[in-house]
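Okay, so chain A shows up in both of these, paired with chain B first and chain C after.
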Partner chain A sequence: MKFSVKGDKLAEYLSKLNSVIPSRSPLPILDNILFDLKGNELKLLASDLEIFIRTTLEVEGKKDGRVAIPARRLLDISRTLTSASLSVEVNDKNRITIKTSNGKYTIGGEPAEDFPSPEEKSDLHTINLDGHTFKRYLSKTIHAVNTDELRRNMSGVLMDVNRNELKFVATDGFRLAKIIKKDFKKQSEIEEKIIIPLKTGQHIMKLNNNDDSNIEFDDIDLKVSFSDVEIYSKLIDDSFPSYENVIPKDNDKILKVSKILLSDSLKRALIFADVITKRVRLEIKSGSMEIKADNPEIVSEGEETIECTFVSNSGSEDFDKSPFVIAFNASYLLDAVSQMETEEINISFGNSSKAAITTPSKQADNEDFIELIMPVRVG
Partner chain B sequence: MGSCIKILPLSLSNKIAAGEVVNRPESVVKELMENSIDAKADSITVIIKDAGKSLIQVSDNGSGMSEDDAVLCFQRHSTSKITSAEDLDRIKTLGFRGEALASVASISHVELKTKTGDDEVGTLVRIEGGEVKTAEKTNCEKGTSIAVKNLFYNTPGRRNFLKSNQTEFRHIYETFVRIAVSNPGIEFNLFVNDDPVFELKKSDLFQRIKDIFSDTFSDSLIEVNQGNEIIKINGYISKPNFTKKSKQDQFFYLNGRFFINRTLNFAVYSGYDDLIEKGDYPSFFLFIEINPSKTDVNVHPSKMEVKFEDESAVFGMLRSSVREALKKSDIVFNVGFDNTIKFNDTTESFHFTQPGKKEFSGHGIGTSFSGNRQSKSGNIHSIFEASKEFQEDKKDEPIVPDPAEPNIFSHTKKSETEGFNVWQYQYKYIMCQTETGLMIIDQHAAHERILYEKALMSLNSQSYFSQQLLLPIKVNLTKIDYVIAQSLKDEFRNLGFIVNYLKDNIVELSGLPSDVKPGKENKIFQELIDQYKEYELKLNLDKRDNLAKSFACRSAIKSGDKLQYQEMVGLIDNLFSSQMPFVCPHGRPTVIRITTDELDKRFSRS
Partner chain C sequence: MSEFGHKIIFHIDMDAFFASCEEAIRPELKNKPLVVGGTKEDKRSIVACPNYLARAKGVRTAMPLTKAMALVPEANFIRSTKGLYSDYSKKVREIFYKYTPVVQPMSVDEAFLDVTEVLHLHNNDHIKLAEIIKNEIKSTLKITCSIGIAANKICAKIGSKFNKPDGITVVPFGKEKEFLAELTIDKIPGAGKATQDKLKKYGIIKIGDILKYNKSFYENEIGIHTSFLINVASGKSSDKVSEFGEDRKSLSKENTFWEDTDDRDFLQSELYYLMERCCQKLRSINTKSRTITVKVKYFDFKVNQKSFTGKKYSNVETDFYDDAVELMDKMLVKKKKLRLLGIKFSELVKGDAAMQENMFDDVDKKENLLKKIDKIRKKYNYDVVKFGRTFKI
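And now, the complex of A and B:
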């Protein structure tokens, strides 16, 4: 194998793969990146066995070939030679020589055959999503994914491809984020639910620059392709919890509040709240919301009041006389509020032990985005 | 002077002997059920009222007794099961000593109805305090039915020693289960206060275990079946990843008789090798069959202990049977990459003396608390009013460093830790630099202390915080755990567990304490109950104190849990604002400290 390439270009593509390379792997071959050169097309492949990521770049190819090259050292050297033109040559003992105009570096590689390859399946379902949608929908939900490894069915984002809706849902049992694309037109008869693992979702979000995406899947495997990147991943082989029934339909108190005031207030409350429970208490009157946090253990306490208005309520309640009081884990509430893109947001409540629902004050076109947060019941 | 020593009248000596055979209602249930089995019954019904204190009735369809036998059976050392000393070596029946009925009859009101297959009419015998009051003909089905009422009515001392109904019932429950497991071919029914607790149809061992415990439990079992001419072992053991934190659900039977033997427990554990962690216990149901002449079960009237002629052979056989069974079954044992490449315990060891140790060990439990506590003014008044009225209950507080002695911790103020380096050592200890040295905190013990105090506070304050769940979690309990859980309903709520009690021993958790690490809720809940039972037996704690300790022990972060910087700082902050930062609720130290002076000395710096 022989080719030449600019240092910064190689570094750019290597760093795309860097995050999938396991830091401490029991399989040493995974410390490598597989180089596969055909003509001027160089394919780079890295994997942690669960996820494979492949990128393709143009180089000046001189001789085709395949070899696995230790990722870390190659990335480090190419990063420091950004402006130089690198000439890379591999001999039949898998020894890699990199030459610049004034330097020569040698790295020992591994045979290409030792590197695992992703399973290429042919009869997968396919959907195409425009770049804006895919990344946006993942980013609106992924924060709610369950991060402990015990409840596997919640440890990813549900992609629910429906007749004429596309839904992304994530939950950790304490909150739930759901976003629906209403104008989704499916290209085929498929109606599928898949759970994209958290890590796979994070890789997609990192590498996708709002590029149009081609998503292929069956029950077990997922392949996502966009621009010059291909990601192969296993899906979570479990059924997503049935969540529709737990979304309250009768939250009658709907509150409108400034997003920035509330989120800033919550950030400050978190400083004074118990670091583990992160509990804040909201005391809502007809025109104001008091946000309180305390940690009596270390004598810290904070409270502030922000403006808010009721968009609707059941009518008979006088909140100035008896305020509506509800407590939350502040970081859940803050996460939800931060995802809203409008200046004002709506929060609806039923009672103080029922889920609160946050929504943007105005939904984006053809979209329905909500986040549900379970309160902390105070007795 | 006449002679002082007299032979006791029979009624008195029976009463005394009764204490050994019958020490609680459970013993009566055991004796009667075993008699029914020995009478070759294939359907046995047990009726319990008031945890056996007012009524224990066992009815069977066994061989029954003739009129003569029905009266004779209440005589001491009367038995149909052996006739000569040689028979002792060939015992295949469960009972044989001939003490049980006589003992039971001497301390209660007994009503016996029995009829053999050959007789036309049956016999009714009523006995009070060992005296036959009536013996008459009666109409009844083939078999024997014995009702024992007002147990211990004439031995008030014994009666006063009985525990709560809940505890007594648990003993009965355990005995019933032990017998039911080992006799799957017999139909068993258990009624408690007229409610059916068990209705067990004839089946095989596996189905019987399934019926008594649960489907999920039986799914976790592996069959054991091995043997040679001398010893045969069969039964079931649990898969390594279904272990429990307490030694429950461990059943040994020798020739069909339940027994307890710690050495053999260990044989089973060691059969698992490294598949289970220390402190995790497998469940098992193991039946050992040996020629009765090679064992001695007549060690104690309760027959719970067994002597083996060659215990090491049994030990070896058990271990290898367990190993074989585990090897044959396909155990999916999930070892993540992270587990396999954890830091190995380094062989080099640090032999620092623990400066705090002297202070800790020098004081006994119960030292009164004085000083050395940060001012908690303002703490009690929380905006949540959580800590309404915290009753400081100090009598149970463990060891306290004496403030009069030079205290290694006296410099430790909360502020010392702020802005300093904090890091986690082997996911087990938190290392923290302070102004005057290095502080090492045991993360589990420290968190236990914090949670214990919080739990006690919420249990005493009648107010609670509970993070509500979007999707309630169902937990499958055994009947006895379900009963315990019900009895702790209010306490659970005060801790933050919102528990809904469903049918079939299932509970649903719809809210959790907000400081429990998510993901393990149902495990923590089950372990909490297990721990509660264990402490109840061992420590005789107050209900709340027990629950607070159990909760703290089971929901505290464990050694091996990775902590974020913020979590470590939070832990340290909370620890040092607790009432008793330096010892965990069990009295172990939470913090040790090595002063810079100490280090300097060790490195021979002057």
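And now, the complex of A and C:
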């Protein structure tokens, strides 16, 4: 194998793969990146065995070939030679020589055959999503994914492809984020629900620059392609909890509050709250919300009051609602509030042990986004 | 306040309580060394309580039964009688309440009584009142106790040990420091062997010696927290006798096995059982926890323990079980069988405070079910309801 490439270009593509390379792997070959050159097209592949990421870049190809190259050393050297033109050559013994105008570096590689390859399936369902939607919907939900290892069925984002709707949902049992694309045009007969693992979702979000995406899947595997990136991943082989029943339909107290005032207050409350439960008490009445946090263990407490109003379903002010107290994990509430993109947000409540629902004061076109948060007992 | 200008606290400690109760219901056991804890067949048991004749021959509480057998082969060795001690404990407590409403039971066989406000009914004679209580216990229950009288709790507690059995000791009011100064440091309640050994290295043998050094010396040089020790040596301690006891900081339970084991299934069952018992207690006092500690003792008596603090408070054993198993697994070492397994719940909170609701998991439903099971078990016995996890034991 022999090719030439600019240092900064190689560094850019190698760093795309960097995050999937396991820091400590039982399989030493995974410390490498597989280089596969055909003509001027160089494909780079890295994996942690659960996820494979492939990127393709244009180089000046001189001789086709395949080899596995230690990722860390190659990335380090290419990062320091960004402006140089690199000539890369691999001999029969998998020794890689990198030459610049005034330097020569040699790295020992591994046979390409030792590197695992992703399973290429031909009979997968396919949907196409514009890059904006795919990345946006993942980013609106992924923070709610369960991170404890016990409840696997919640440890990813549900993508629910429906007749005329596309839903992304994530939950950890304490909060649930759901976003619906209402103008989704069904592209085939498929009606499928898949759970995209958290880590796969994070890689997609990191690498996708709002590029249109081709999503292929069956019950077990997922392949996402966009721009010059292909991501292969296993899906979570479990059924997502039936979440529709837990979303309250009868929350009758709807509160309108400034997003920035509430999120700033919550950030301050977090400083004074118990470090594990992160509990904040909200004492809500028409006109104002008192936000209180305390941590008796370190004798700290904080409280502040912000403006808010009760509104009716139509959005007009509602003076009839009686005051009430409810408590939340401030982090969860802050996460939810941060996802809203309007200056004012609505939070609807039932009672102090029922889920509250946050929504933007105005939904984006053809979209329905809610985040549900379970309260903490007031005690 | 009493006419003395301070409180009058009694610490009443029953003398060789389990053994005395046994002798009270089976007088034929009297006048001979008696060891409660197990019969001569129960080779792995430990001594729960020796009577004074057995103590005279060197038998101590928590000593392996085999050792006690070697010391006094002629003694009567009996297993403890279920329900007897709590029964007697209740009766003793009833007697306390006849004399003062301010009683803080510390365990089955000891309690603090604040008699400050009732002393005028007894001519302000605290010794007389102590004798009345002691005599009533002796005449109605046929068991004896020792009473320490002092202006604070620690001094009263040290006092009750001073003249055992069947004695009364007054720690002179205002002269506590002098009274304690000549006593050895092993008389301080709660000062374990490790602390004692550290102190002895610096020539601190008597309680009075503690005041030779200041707090920073102890913390920097010896590495122990000594506010408590310095207060004791100065004769100071709390005089608040609280009916509800001190705030509970943790709740634990442990079990020594009949034989050492490394059977993981058995250990998991045992772990679940211990957690069930602790959580049952937590539920009964409407308390929740979020930190569990699993303790193991290996065949060679070496101890190891690991803790985990979860995100939510609970008193439902299933909420902690998986984490507890993980902690235990980390401590299971090849070729090292366990002789003891224990579990501790700490970071306790009263009531429902700070419980994070879960949309897919009805916490109350689980807790209510377990509360009903607790009731059934209380009425009949533990074994009438069993979960699959504890079938093995």
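Observations on the model:
To be clear about the criterion, the second predicted complex is superposed on the first by the 368 of 379 C-alpha atoms of A that agree within 3 Å, B and C clash if a C-alpha of one lies under 4 Å from a C-alpha of the other, contacts with A are read in each partner's own complex, and residues count from 1 in each chain.
As a working rule, contacts are C-beta pairs under 8 Å (C-beta built on N, C-alpha and C of every residue); 3 or more make two chains touch, one makes a residue touch a chain.
Only a predicted model underlies this, so the values are computations on that prediction, with no experimental measurement involved.
Aligning the shared chain A places chain B and chain C in steric conflict. In the overlay built on the shared chain, the residue A:150 is in contact with chain B and with chain C. By the document's definition of touching, of the two partners only chain B reaches A:292; chain C does not. In the superposed model, A:181 lies in contact with neither chain B nor chain C.
After overlaying the two complexes on the shared chain, residue contacts for A:22 are found with chain B alone; chain C is out of touch.
In the superposition on chain A, no contact is made by A:253 with either chain B or chain C. Touch criterion not met for A:223: it reaches neither chain B nor chain C. After overlaying the two complexes on the shared chain, residue contacts for A:135 are found with neither chain B nor chain C.
Of the two partners chain B and chain C, more residues of chain A are touched by B. Of the candidate stretches 182-190, 452-460 or 596-604 in chain B, only 452-460 runs into chain C once the two complexes are overlaid on chain A.
In the three-chain superposition model, chain A touches both chain B and chain C at residues 150, 171, 173-174, 176, 241, 243, 246, 274, 276-277, 279, 327, 329, 353, 355, 372, 374-379. In the complex of the two chains, the chain C residues touching chain A come out as 290, 309, 311-313, 322, 349, 351-361. Chain A contributes residues 150, 171, 173-174, 176, 241, 243, 246, 274, 276-277, 279, 327, 329, 353, 355, 372, 374-379 to its touches with chain C in the complex. Residues 336-337, 340-341, 378-384, 386-387, 414, 463-471, 493, 498, 511, 514-515, 517-520, 566-567, 569-570, 573-574, 577-578 of chain B touch chain A in their complex. Contact residues on chain A toward chain B in their complex (touch as defined above): 22, 24-26, 146, 148-151, 171-176, 241, 243, 246, 274-277, 279, 281, 292, 294, 296-299, 301, 303, 327, 329, 353-355, 372, 374-379.
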